[in-house]
Each structure stands twice: as structure tokens, then as C-alpha cells.
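I have a structure I would like to understand better, so I am pasting it below and will then ask my questions one at a time.
Which chain is which? They are A, B, C and D, in the order written, and residues in each are numbered from 1.
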Amino acid sequence: MSTVLKVSNLEVDFIAAGTVINTPLRGINLEISSGQTLGIVGETGCGKTLTATSIMGLLPSSAIQRGSIEFAEHGLVNAADMADIRGSEITMIFQNPQSAFNPIFTIGTQLHMVAVRRQIARNKIEQLLHARLRSVGLNDVKRVMNSYPHELSGGMLQRCMIAMALISTPKLLIADEPTTALDATIGHQVLGLIRSLQQSEGFAMLFISHDVSAVAKVSDVMAVVYAGRVVESGPTQDVMNNPQHPYTKGLLGAIPSAKKPRGELTAITGNVPSSLKALTGCSFAKRCTSADAQCLGEPPIIQIKEQVIACWKVAP
Amino acid sequence: MKTLVRPFICSEGGKPMSLKSRFSSPKIRLIAITTSALLAIAGFTVPNAAQAASVFKVATSAAVTTWDPIQSFSTEAFYMTNIYEPLLWKNPDGVSPEYAPALATSWSASKDGKTWTFKLRAGATFHDGSPVTSAAVKASFESSKKVGGAGFIWDALKTVDTPSDDTVVLNLSYAAPMDLIASSTYGAYIVNPKALDAVAKDAKYFESGKDGGSGPYTISSYKAGSSVVLTAYSKHWAASKPAYSTIDISIVSDGITAQQMMTSGQVDWATNIPLTSMTSFKRNNKYSVIKYKSPFNYVGYFNTLRAPLNNPKVRQALSMALNYREITAVGGQGYATQSRGPVPAGIYPYDAAIPQYQMARTKAKALLASAGVKDLTIKITYASENSAEARFVPLIKDAFEAIGVKAEVQGILFNQQWAAAKKDPANAQDLFIVKYWPTYSDAGVDNLWSLFHSSAKPFFNLSYWKNTTYDKLVDDAIELSGSDKAAAQKLYSQAMMILYNEAPGLYLYDEAQVSVVPKKFDIPKYNINYPFSAFFAGVKLSS
Amino acid sequence: MKILRNRLSSALLVLLGASFITFTLARVIPSDPALAYIGPKATAAEAAKLRITLGLDQPIPVQYFKYLIETFQGNWGYSLSTKQPILQEIADRLPATLELIFFAISFAVIFGVALGVYAAKYRGKFQDSLIRIFAIIGVSMPAFWLGLLLQMLFAGRLTWFPATGQFDIELKYDHPITRVTGFPLFDSIITGNYHATFNGLHHMILPALTLSAYSFGLLSRMARANLLEVLSQDYVKVARAYGLSERLIFFKLALRNALPPIVTVTGLSAAYLITGTFFVEQVYNWPGIGSFAVNSLLSIDYPAIMGITLVAAIGYLVTNFIVDLIQSKLDPRVWMK
Amino acid sequence: MKFLFKDKLTSMASTLLILFIFLAIFGPLVAPYPKEGRGKANVDNSFIGPGWKHLLGTDELGRDLLSRIIFGARPALLIALAVVGFAAVIGTLLGLIAGYRGGWIDSLIMRVSELFLSFPPLLLSLVAVTFLGPGLVNALIALIISWWPWYARLIRVEASIVKSKPYVEISAAMGVPDRVIILRHILRNVTTPLIVQIAADLGTVILAAGSLAFIGLGAQPPAADWGLMVAQGRNLIFDQWWISTFSGMAIFLAVLAFNILGDALRDHFDPRISRQ
């Protein structure tokens, strides 16, 4: 089982007028092996999407990126290398299918552009696209190809998005909140679709969501992100069944499940700090019930079996 | 800035015009349209051997209010005098003989001056080739007297006899200078009878640019409001053909635009250069700036019906308030002289002995005080389309304020201020600035009568001033002028003295006519008797 | 097509309303229209007679109805000042004005959009702020003043361009333009009378530039703003994520997406130019509707003013209609709205 | 108020506007030749080019052009305020009624304003002032006639949006009288777009008034009106270039200042609009 993506302490600063105004990513470490799904979970504003963006090398010019990204056989890659990898070996599905497609071109045209970019022989493109659309369960291919985004439902558009992502048979698929914009049932179908496609195509996936249950459903490994840091990571089962980090506990406490009797839902008080500039120690301390003076120091990395936790309060 | 006026569709109906209501509206329009910039040239230098057919390009502000030679009473005279001919042309002052034969070659008056006989020119033809006959003359004069814009000039005309094809006899009800009248710019053209019949059927017959004339040029194209093209009439009687077989005239109301067109070579000659540009043209050795006497004269009527303006003392005071030097300078830009009453210099019965008001503000204040006038406000109107008036009227305001009289100035289209003055004298403006000139070269029968002779239904005498002595003097003078000009002059002079003393109006200045002539061309001299006309047959390259 | 019919019918309604407003202005406001026709000299009796012959004695609605029918039958009456049929006057002058507007709009679109795009590309750089200043100067410039300045400078002092008119006057005699469509410049091209064409273009430059200033400002601002708007959209991110080249994204996708609003603004400013020509033609003595309109206004030439207003309103409608048509081609969502 | 000086351009505009306002108020005190500014002629000085004695030269009556222009500031600003003010009031009233009442009143008001908007900009004003008769006041009326519908429309949209907001519906349900709702909720909510619109219009109105005056339908002589002065200088443009040039410059600068500040205001109050 070979490693597809390895991200080591990825940090991002936002610069305005020469000075750092925000440091939303403060050392992200991830690793995905081929065919595997890594789920990243966390509240909105934790830096989930930003992680994806910086992996894709799409950070705005006002951002500075540190740390290393290794991708498959390319080894260490920088934003420049990414320009070639992006869209072919790594593709991405976005949160809102309505706004992700250009309103004034037909789906066909837009898929076509991507296909052309991938140097697929002109005569083959048509059939390839048809195949892809069918594979995502859109059988009325002709109609879909000729319709404009506003003429299709969110679910269908998201399927098209997935089809687009698979045109180039990628090694890694980044799915950024692929179901949030869809209503529950459609969301489930889409998740199922992604899962089954992954089995058939065998791509690795970085699945980003604020919805722990969704992550639990699709991912083999999961990483809990808080304030630009991975606070806990490990095999999905382990993390789900015995969470160590207080934040993880909090997250899990917020999901209804059959195990817990009614009324036991707990919530995390407070919000994610908006600016992480010059934040030291455990960034969760402020909201943590079990926090004390010690927590103002950089938290230690503790390994329990395959789980990795960054916390003072977890005993090894 | 613009010289634009709303013309009327004027229907004089069939009723003959009495001396009392003799002006037809286009005359008003004419006054309205002419700005200090409007210019024309006339003269009789016979062109020498015609050059090759070529185009002479002109820019003018002369609008065409009608192409109907009978109705014509306005700036279209600029074109008319090239298309139509009267019996006689009147030469500029100092040129003798006084008259130049046009369609009549010889003429004579009976002892009592009540019968005039004209011999017509042999071989003169209208533009359709038909000969000019005594019948045509009769028809023209009669329809002019009947429906013409300037029909009043035929007031004395009783009947027209045509003993033969080439002889016309005019029988008058009282002695009148028929040679002078027959050479009028308006109402004296000889028109092709066919055209007269046509226009009788369709009032708009001429308006598309048709002509029924016999003159050296004929209308070859007319774009309303933008251009007129005249081409030489090959069968014209004149011994020599015009140097320029085509005259291309652009109608440009803005003086500065016309100037620009001339200096940039778009046109050969512009007739409406703003007076304010003259200084720079004087410096330009490509042009000569020539100054002529003109019949134009600026007058202001006081509304003498209203107190305290019904008091001559007050009117004198206001007359003394003005700074005539400044008004003349600003209005005429150095091409004007303070006038002596309403008769412009160089026009009969002008009299250099008539005194002028001078600025004397302390005296003026004293007069006002003695008249018991305090916090008086004068409402002044002027023709907004006349740039000279727009320039100098503020000075009148200043002057009045200098002697403690408030003034409100309003610039409106001439027609509107004229209507305002007529509608309800009691509430009309107090001072009405107007540019005036005689319809033909007799300011006695016109200016003196029209402006200040009282009448039941005031027309141009909008000061509403009534002075029986004055009225009698003018009436007698008019009757007399036909037979004894000198005697008439005496009466007129007395009348003008009354105007000075009673001051029913402000007598501002006589405007000179300034023409800027490209040295490249030889353009006929300005003829004060045809103030709006250019005679293109005389234009040629200067040798 | 149904939508199209609706648009047409609503257009017709608007036109009716427009004509009604003009009519009312012309008939009701002035103290006595009859007076306007025969002048202050008219006796009361004459005025009354005329009032009946002109139908001024009937109630306004009746008069309006008559006016509509007459107008529809192409009887627009005669100009009081030129004594020519209004319709003919307008027909004679319209081409010159339309050619002027065409060139002005072309200048505005070419330079405006180009600079707007350029500014968007260098957002925040000094090129951007420079162009922004140009644009705002453009929309703040009084056309009549700009016209005078250009005329004084480039025609008066430098004599690079003719100051007035649409062609040299000699042209009528040296290289007369044979009338085909009635649009002089266009005719000169299709008849291969290039001498006339060049002369016409030479005359065209100053007026067209003057007229285009405002639209130029408007368009460059719009182009910039919309382009930035588009570039901030998700689908642009997606395009990047799928490795589409920046050139393609900027010039093919983004520009194409920014086009619809630009077209709208172009239409708007074209409408603005209809009145713009009044002042520009005035300054450059252009033989078009604009100068005719000003003359008619100043001489209170009722029939002419009503005719011109109607034509202008029609022009406005047509412009909007064309814009809508183009819109529907450019943006699949238009018919939804 | 800080946003009025947020960058070079804006602060320049603000300074300019402050200057104009200052001149409009204290013009008579600061003008070098107040008498001439008011219109007093001084014929012997006519047509003096720009120089130390007369910074911007003199006109055909020898009046100091700078003083004339300074005196022109007041009418220019007053017209702008008057037109926009009246238009805004009329438009807002009708817009509120239309937006809040809805139904036939709404459609009536909207149809009418559409009619007014179906003319090319300024055309209606030109026609109206022609028939009303040239003059400053009539020009003012004419401009208001063609300006109010914009406000009616704007306010109507905003009003109907606010109207459908739950808290308004509730208070209506609780029987709060309409006028109170309109004043308390709707009017408060429409002020921002109103201010933005007004700021954007002031410059345009000055431009429009200038245009009317230029073709002779606006202010009449001897008024010190910028547009009129451009027209009066027109025949002199080649020899006495300064008259039209500087008078027009005054219009241009005033409009420029208003437009730049209009932008700034819009960016400040509603960044969303400014992107479109």
C-alpha cells in the first residue's frame, strides 16, 4: 500500500501590506495511501478547505505556504509542479454544484474543456464523457450535456462534477463538503456513489466535511482539525469509538446516535477563534472544560495505538 | 448665441392693408432674426469676361423663412436678390445715377407724381424661358399689394395699366416716389405669372425650393435649414455671365462656426463673422475688414402708459443714466456710433443737427427726485437671439441701478417679447429693446411713423406714446416726401426734436455693417438699400 | 417567441405613453397653441377660427387620438421654421446622426472595454488607478465643453481636423457620393468612393470622440467591475482546480461571463448618446437630428419637437430591444427572468 | 467621515467639494471683484487675458472671470440640491406608497414612472423647459420632472423587500398603523440606498443644468451661471479662449468631485453595489 499524499506541518500565513495578519494553518500533517479515504472533520473555519486549496496550489497571492507536500511518485512538489498535477492526477469536487459550474456554458462544453486540457484525443472525448456521465448514474446523457447549469438539479450537477473529476482517472480526489449543499437523501445517494466509484476506480480520496457522521461513513482514516491544526487522527473506527482529544469528544457528543439515550447531546461552547495570529499553546484551551495553565504551552503529541493526539490532558 | 425664431403662419386674408396696419408678421420675424453678425453685400460692378464654370462657397446665417417672393419679408432676401429682379435697383449712396435699370430700362413720372410709366427690358426671360411682360409686372404688384409681406409699400398704388407688352403704367392715389418703392428689397419682385397661379392653388408651392424669377441665378438645390445651391441662369439678359456658375451656400447660424469654416477653407466667404472676431481678422493679412454704413439702429421703447414712465422727466432721467460710449463699444465692438433718434445715419430723413443724450447721472438723479420717483423697478426685455443685445443690455441695467432704479432683465425670443408688449400694455415690460431698420430706404415713412406715430391698434409703436403735434408733422411729411423731399425733411426734423425732448424711447446706436472679405476674391460692395442681400453675379477672383 | 411578443406589446404601450406625454406638454403647457401657429398678431377671431381648424376646440383626449392616427398614417405635420414635412426632415437628418452615434459607441466599446479589462488584470496596480481616473473624468466631462475644447485645439490651433460638418463642401462637386442606403459614409464605402470615405472619417473623429467620452467612462468602469466580479466566482476556482490555463480563464471564460452586463451598459449609453448628439452636433454643426432638435427647441417648433421626441423614444425602445435580443444570445438565463 | 479621505483621489475630491461649498457660501466675501461677480460691467477692461490682475481674465463686459465663476458656485450647488432634493422627496413618497400598498396603486405609480423613464435621459427635461419657457426655475422644474421616477423605482423595490420581512409583517399583524410601520421600519431601511443614489445624482444634475443653460434653455443673462458663461464665451473661443474654457472647467471639476465622492459613499455604505 503506497502513500499517495504526504503533507508535513503545512503552515499558511496571510500577508497584507507586508505583515502577517492571520495564520489559519499552523502545522497540518496528513498521509493518504492509495485507494484509501482520509476524512478531515472540524467546524467551519478550522482550515479544512484551506488545506485542500493549499494542497492544490491555489492559494491567493496574499498567502505564504510553508511545510512540504509529497505526491505519489512526484515526491516533493511545489505550487508550480501542482499546476500540471492539478486537474489530472488530483481532482476536486466542490461544495456548491450550482456555483461550481459556469452558468453560461452547457455542461457538455465545460466537461469538454477539461477533457481537451487533458490531451484526450478529440475523437475519443465524446464517448469518454458519455461513459463518465453514465458511470455517475446520469443516463439521459445527451440532455445533460446540452443543458445549462440552471436547468439541472443540485444532485445532478454534483454528479456531473464527479464525472468531471473522473475524466482524467485521478490518483487522488479531493471532495470538499460534497453533500452539504444537497438535501439529505440526495446527499446519501451522492456519498454512496462516491464510495462505489472509489472501489471501481481505486483512487485515493481526501474527504472534507464538518459532518462527522458523513466522514465516519466514507473514510478509512480520519483527522480532526481545529484552528489550523490536526488535534487527533487515526483509523476512523478507533477515533469514533474512543475519542481522546476533548474537542473530538465534543464533536462526537454533538451527533445523535442510537447508542446514546435521548437528551445526552452535548455541544461545544464558544466558537473557533477567528484570527489565529500569535496564538500559542493549545488553541482549544479557551473552550476546553478540562484546560488549565499547562495548556498554554505547546501540547505534546501522544500516540495511542494508531491514534495520534495533540493534548496535555491525554495520558499515554 | 443662436439666431432662431419661431415664424408665424400668417394669413393676411384678402383685406387690403391700410397704412395703419401695414406690417405683416415676417417683418417682425426679420427683426428677430437679424443679429449684429448678420451681413450682406450688394453692388453693381459688372463682372468681366466669365471664368470657367466653378463653385463659390459661402456660409451665412440667412435663414429661409419662405421661398415665396411675394410673402418674402425676411433674411431670405440674401438669396432672393439673386433669383428675382425688381424693375429698378437702387445704387449705394454716392453712386450716380441713383438707380440702375433692372427689368425696366427707362421710366418717367408725371408732373403731379401720381402716374409712373416703366419701359420693360427686351429679351428678359423667367427661368422657364417665358418672357417678362407687363402682364407679369401687373400680376406681381397686385398680388404683392394684396397678400404680400411688404404689400404696404404699394399703399399709394391705385391701378396698373399695361398698354403694351413692354410698358407698365402705375396710377397712384397720392404722389409717392415709385422709383424708390419699385426698387424695394421686399414686395417689388417681378414673378412668373405661372408661379403666381401655382401658389394660389398650393400655398406651399415655393417652399420645396422652386423659383419663378428672372434673376442671374436659379435655385438648383435646397436642404431646409442647411444649404442652398444656386446655379447661373444661362439665358439671363446681362451681357456678361457670372464668374461663378455655382454658388454653394451653407446656412450656419453660429457666427463662430461660419468664421471657422472660412478660415479653415471649408468656404470661400462667410457673411456672419462675429464682431468680436474683427480684431484678429484685422491682424490677418489674408482678409480685409471693411466697414459700411448700415440701416440698423437700436432703440428701446418706454412703456409710456405706466407711471412714472408717463412722465417725460423720468424718461429723460433714464436716458441720461446710460453710458452711451460703453453701450456702443460693447454692442458694436467699435463698429457703431451713438444714434440721433430712431433714424439711422445715412438714411433719409437723418439730420445730424438732432441732439443726443449724454451720460449725466447726477442730473438724472435730480430729475428723478424732482419727479418724486423713488424705489422704481424697470422690467427690461430683449431678443435673446440677438447677440449684440445680449452683450449690452446688462449695461443698461447697471446704468439704471447707478441712479437708484432697479432693473429686471429678461431675454426671450423676439416674438415672445413682442407679444408681451402688445398683449396687455398695462402689464407689459417697461423697456423693450429692439433692432430696427426701414423696409426700404425711407426712415420717415417707416421708422418715424412705425415706431412713434400713435395708432388705435398699436403695431410697432409699442411705447404707446401719443403726441398729436408729432403725429401731424410725420403724416404731413409723408404726404409731402413724394413731391418735395426738402420740405418734408424740415417737418421730419421738427418731429425728431420732439422725440429727443419727450424721450418716449432710448436711442442707442447705429450699427455699422462690417464685412470680412478674403483678399483672394473681389466681392461687390455692401448696398445699404439691400441690407440683407448678396449679389453673387458680381463675385470674382481679384486680379 | 411568446416573450418576444410580450416585449413588443409592452414596447408599444410605452410608445403610446411617451407620445401622450409629449402631446400633453406641447398642447397644455403653452398658453395658446393657436397663437404659436399664427403668431401674436392674430386677432381673437382669427385665433378662434384656427383653433377650430386645428381641432384645438375638442377635448384633449380626442385631439390626442387624432394626433395618433395622423402620426400613424405618417402625417407628422410641417416644421414651423423650415416649412418642410417633419417626417422628411427627420429622414434626411437621421443617417448622419446614426453614423455619428455608431462611431461614438464603437470608440467607447473598443477603448472602454479594453482599458477596463486591462485595469482588472492589473487590479490595485497603478495602471488600474490611472484608468479609474480616466473613466471618472469621462463620465464627468460636459460634452458641449469637451467639444469646444477639442474644436479650439485640434481644429482651431493645430488644424489637424476639420472643425465642422460631416464632409468637405467641395466633396459634393469633386467626389459626389452616390446615394444607395442614404447613409453617406456607408454609401461612400460600398460605392468605392474612398476619397469621400477618408474625408468623412476625418470629419468624424472629433465629434465621435466628444460624444463617446461619457460612454467610454461608463464602459471601462463596468468592464472592470464585472470582470473582477466574475473572477471571484466559484466556477473560476473550479476552472483553476482543473488546470485550465490563466489565459483561457481570463480571456475566454471570464470575459465571456462579463459580457452580458457590458452589453446592457452599451445599450444604456447608446440611449444616452441620443440626447448627447443634441449638444455635440450643435458644437460641430453636424447635419443631423441633434442640431435640428436644438433649433426646433429654441424656436419652439411644436410639430418638429413632437416628431423628434417620438423618434427619440422609438430609438430608445429599439436600443433596449436589441440589447435584450443580444442578451438572450449571450446569457441562457435571460428568458428565465 | 473618514472614508471621504480614504485615498488620494477621494481626498482631492473632498477638498474640491469643500472649496466649492465654501465659495457658494462666502463667495461674495472672497471674490477678488465682488461687484463684477454680481454682474457690474467694467467695459474698459474687456477681454483681458489671464494674468496677475485677473487670474482667469475678463469677459466682454470686462468683468473678472474668476469672480464670475465664484459667484456661479452658489446657483450650481443650489440647483443640484433642489433638483435632487425634490426628486428624492416626491420619488420616495410615491415609491413608499407603491411598495407598501402594492396592488393597483403600485402598478399605476410604476407604469407612470416607466413612461417618464421611456425617454432618453434629459430629453424630457429639454422638451418640458422649452414649453415652460427658458429660465432657471423652469429648468429646475423640468429636471425634477425627469428625475423623480428613478427614486420612486429605487424606493419601491427596497420598500417591498422590507415589507415582506417577518418583523414588519408581525407588527402589521399586531395592528401597528401603516404610517408608523412606514416611518419606523421601511423609511429607516431605505435611507442608505437613498443617500447613495442622491450622492451619485448631484454631479449628474449639475451636468444636466449646465447643458440646458448652454443651449440657452437654462439660466438667462446676466446671471453668473457656468453653463451660460460657456455659451457666452463660445463665439469667442478662438480669440478669448479663457471664458468658455474656465467656466466649463468649473462645471467639470464640480461634477468630477461629486462623482468621485458618490463612488466613495457607495463603497462605504454598500460594497456590494460598488462591485457591479
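Please note the rule applied: a contact is a pair of C-beta atoms (placed from the backbone, for glycine too) under 8 Å apart; a residue touches a chain by one contact, two chains touch by 3 or more.
It should be emphasised that the depicted structure is a prediction, and the values quoted were computed from it without experimental measurement.
Asks: Treat each pair of touching chains as one step and give the shortest count from chain A to chain B.
Replies: The distance in steps between these two chains is 2.
Asks: Which chain pair is joined by more contacting C-beta pairs, A-C or B-C?
Replies: Looking at B-C and A-C side by side, B-C shows more C-beta contacts.
Asks: Need the most distant chain from chain B, centre defined as the mean of C-alpha atoms.
Replies: A
Asks: Provide the C-alpha centroid distance between chain B and chain C, rounded to the nearest whole angstrom.
Replies: 41
Asks: Approximately how many whole Å separate the CA-defined centres of chain A and chain C?
Replies: Chain centroid spacing, chain A to chain C, equals 54 Å.
Asks: Hey, how far is the Cα centre of chain C from the one of chain D, in Å?
Replies: 23
Asks: Report the inter-centroid distance (CA atoms only) between chain B and chain D in whole Å.
Replies: 45
Asks: If you look at chain C, which of its residues touch at least two other chains?
Replies: 151, 156, 294, 298, 300, in rising order.
Asks: Quick check on chain B: which residues sit in contact with 2+ other chains?
Replies: Each of 2, 254, 260 in chain B touches at least two other chains.
Asks: Which residues does chain A have that touch at least 2 chains other than itself?
Replies: Nothing qualifies.
Asks: Kindly provide every pair of chains that touch.
Replies: Pairwise, the chains that meet the contact rule are A-C, B-C, B-D, C-D.
Asks: Would you tell me which residues of chain D are touching chain C in their complex?
Replies: Residues 9, 111, 114-116, 118-124, 126-128, 130-132, 203, 207, 210-211, 214-217, 227, 230, 234, 237-238, 241, 244-245, 248-249, 251-252, 255-256, 259-260, 263, 274-276 of chain D touch chain C in their complex.
Asks: Which residues of chain A touch chain C in their complex?
Replies: Within the complex, chain A touches chain C at residues 56, 58, 83-84, 86-88, 91-92, 94, 96, 99-105, 113-114, 117, 148, 150, 164.
Asks: Over in the complex, which chain C residues touch chain B? Could you list them?
Replies: So the residues of chain C touching chain B come out as 35-42, 46, 78-84, 89, 92, 151, 155-156, 159, 162-165, 168-170, 172-173, 285, 287, 292, 294-295, 298-301.
Asks: Can you check the complex and tell me which residues of chain D touch chain B?
Replies: Contacts found on chain D: 39-41, 43, 46, 60-61, 133-134, 216, 220-222, 231-232, 234-240.
Asks: Using the touch definition from the top, list the residues of chain B that touch chain D in their complex.
Replies: Residues 1-2, 254-256, 259-260, 274, 276-277, 279-280, 323, 326, 329-330, 384, 387, 390-391, 393-395, 397-398, 409-412, 416 of chain B touch chain D in their complex.
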